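Should a chain be cited, it is by its letter among A, B, C, D, E and F, assigned in written order, with residues numbered from 1 in that chain.
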Amino acid sequence: MSAARRPIEYPDATPEVRAVYDDIMLTRKADWVNNFWKVLAHDPPTLRRIWGNIKQVMGPGELDPLTKELLYVAVSASNGCRYCIASHGTAARKKGMTEGQYSELLAIVGLANETNRLVTALDVAVDAAFL
Amino acid sequence: MSAARRPIEYPDATPEVRAVYDDIMLTRKADWVNNFWKVLAHDPPTLRRIWGNIKQVMGPGELDPLTKELLYVAVSASNGCRYCIASHGTAARKKGMTEGQYSELLAIVGLANETNRLVTALDVAVDAAFL
Amino acid sequence: MSAARRPIEYPDATPEVRAVYDDIMLTRKADWVNNFWKVLAHDPPTLRRIWGNIKQVMGPGELDPLTKELLYVAVSASNGCRYCIASHGTAARKKGMTEGQYSELLAIVGLANETNRLVTALDVAVDAAFL
Amino acid sequence: MSAARRPIEYPDATPEVRAVYDDIMLTRKADWVNNFWKVLAHDPPTLRRIWGNIKQVMGPGELDPLTKELLYVAVSASNGCRYCIASHGTAARKKGMTEGQYSELLAIVGLANETNRLVTALDVAVDAAFL
Amino acid sequence: MSAARRPIEYPDATPEVRAVYDDIMLTRKADWVNNFWKVLAHDPPTLRRIWGNIKQVMGPGELDPLTKELLYVAVSASNGCRYCIASHGTAARKKGMTEGQYSELLAIVGLANETNRLVTALDVAVDAAFL
Amino acid sequence: MSAARRPIEYPDATPEVRAVYDDIMLTRKADWVNNFWKVLAHDPPTLRRIWGNIKQVMGPGELDPLTKELLYVAVSASNGCRYCIASHGTAARKKGMTEGQYSELLAIVGLANETNRLVTALDVAVDAAFL
């Protein structure tokens, strides 16, 4: 047993896992599945559950698909998750994110982290107009 | 001296601080200044510096103003900064954020925090296609 | 049983707990004990252990006492721990921290949080000169 | 487009970027610029803005230069930013930080992270004496 | 529109929301629903999704129910989520958590946060025996 | 001086450091010491202090040894400390953690991080029944 789990490739996957891989590829109109899912595949109920969550949350809604990816990238950048920045950054670029937009996104992530700390440390009272 | 700093109201502010308040109100087409700035006013160089940053980062660019506010709200929600959620949430609503969009934003913040941890804990290798 | 634990006052404390309270007051040349210790007192081994840690880490060393308190306040501000900012902020002021120094400290905390995110998100390689 | 951005070296930089590089080297009395700035150079307004912030916040003030660097290192260590620990750790050593002081700094960072969680989890009320 | 959302009580809930409330009460053998769900009810798809996740993740498995609650409390304490500590702490006590076990749990949360920072700051290489 | 500290092997260690190494090996019934301690050995008082904390907190108590390790792994996974996940994950496996239990632990860590953010962002009031 090791700390990191090896990706499970399609030919080695159980039918249950392949069904999720198939749905991921169909939904994304892609012919491959990225490592996150192949590593989650060691735990099929979690694989199915997390994919179900992503499909629902990132699917059609009131926010357009690019904005949804930008939000995912921003939270991942704030949390310092390199893999998530790479994967959702790639998805955002496929949906139209420009390098200029990415720069602006990072600037907001950085500045929000700065002001979030100042506000909390200074214990600023919420203005009545915001309630 | 106390841990929290009292907001400094316009009539009590120095000319240097009033100049920043004036620019905030002019830029935002508002007739009041929120508590964050009034608390930062105890330290005029920081007040001027942070306002300069916000003005530049949140000003016109490749991302539209609503998307910028949504990103600010998302990072603040991920970091648990109540004041920042309230202030930037109000700004986002003024720029058109619907309650449905806010629900979707929060769902993304929550889910990204979940998958960020799974990815990091499982030490998933970045796929070549993302590099 | 409730989530928050009530502070245990000196007259209600066991001899084991009183011995720690006494050492805190003696070390700090104070005639009272703050709530953190009174709440930890529900678990005497943890009370004794944490006090022992604080006494060793914050005691005499190569960094002067004020610098040590400033570092404690900075980490607490970065983590958003209101109680810790208030208690260590008070301790820092007693050791000579000016309001101007506190403003500079907060500015560093905020800016470090901003650049920490930019560096991590951009996955900047460590320069050879830093190794 | 890739997730990580390549450092832009001086000969390849625009005049606008070179002006910032020049100011960094002049201010620091150095003949090179570290990777953080060379990566930020893909986005000149952010390069100029962040450098302006660092120059103001880390410049002369009420806290001495070494203490400022120690605070930057402490926040970066608390946030787990390896690059920032390496770069500001090097700067702190140049300003006189001893290995013993670095050990004490890390001990404070660790212990503050421990007590910050205990205080928050136990929901300790702020003592009147701290207000 | 306000930042915080009011809890939606059973009599005011739509049939879709009531169905989730009913399943929560049935699963937990309780005659009431806590505020988290009543606030999520403003967004029925998220209410249903999050409840489905909790039901699956916290339901029968290889870890016993008490251990699962202890893990939930520990992560919530590490993240400083007061509501989550209160709600999952209450659930853990109902499943048998003693005050002594809670004290030990908090001690582990605190110490892990301390050593996590030391390990990361010191950039300790993973021992071959752990791979 | 470099940012990362080299592990100090037993033959190169001072008697003071060897005494801690000996106690670690005796307590753990092991014939080697992992890198964390060998790196802390550059600062003997911290080495002794942290080992004393670990020995007390992770020693016999009301929680069984496996549950204690699971809690340590969960907090480390939530904080993204790779070394700590690897070292405490190995310890947990030696104490009986199955791969299925590890999967469930990670699922709880992920989900708690999701709901912690939703609860905080929505500013949910603590139910009276939890107080």
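Criterion: contacts are C-beta pairs under 8 Å (C-beta built on N, C-alpha and C of every residue); 3 or more make two chains touch, one makes a residue touch a chain.
This is a predicted model, so every value here is computed, not measured.
Greatest Cα centroid separation from subunit B: this falls to F.
Two copies of one sequence, subunit A and subunit F, touch each other mainly through non-matching residues, since under half of the numbers at the interface are common to both. Chain centres computed from CA atoms place E at the largest separation from subunit D.
Centre-to-centre spacing of subunit B and subunit E amounts to 28 Å, using the average Cα coordinate of each chain.
Per-chain Cα centroids separate subunit C from subunit D by 21 Å.
Contacts with at least two other chains are made by residues 3, 49-50, 53, 57, 78, 80-82, 85-86, 89-90, 100, 106-107, 109-111, 113-116, 118, 120, 122-123, 126, 130-131 of subunit C. Because contacts link each chain to all the remaining chains, their graph is best described as complete.
Subunit B contributes residues 3-5, 7, 32, 34-36, 39-40, 50, 53-54, 57-58, 61-63, 67-68, 70-72, 74-76, 78-79, 81-84, 86-87, 89-90, 98, 100-101, 104-105, 107-109, 111-116, 118-120, 122-127, 129-131 to its touches with subunit A in the complex. Within the complex, the subunit C residues that touch subunit E are 1, 3, 42-43, 46, 49-50, 80-81. Across the interface of their complex, subunit D is touched by residues 80, 82, 85-86, 89-90, 93, 99-100, 103, 106-107, 110 of subunit A.
Taken in their complex, subunit C has these residues touching subunit A: 77-78, 80, 82, 85, 106, 109-111, 113-118, 120-123.
The touching residues of subunit E, counted against subunit A in their complex, run 2-3, 45, 49, 53, 56-57, 126, 130-131.
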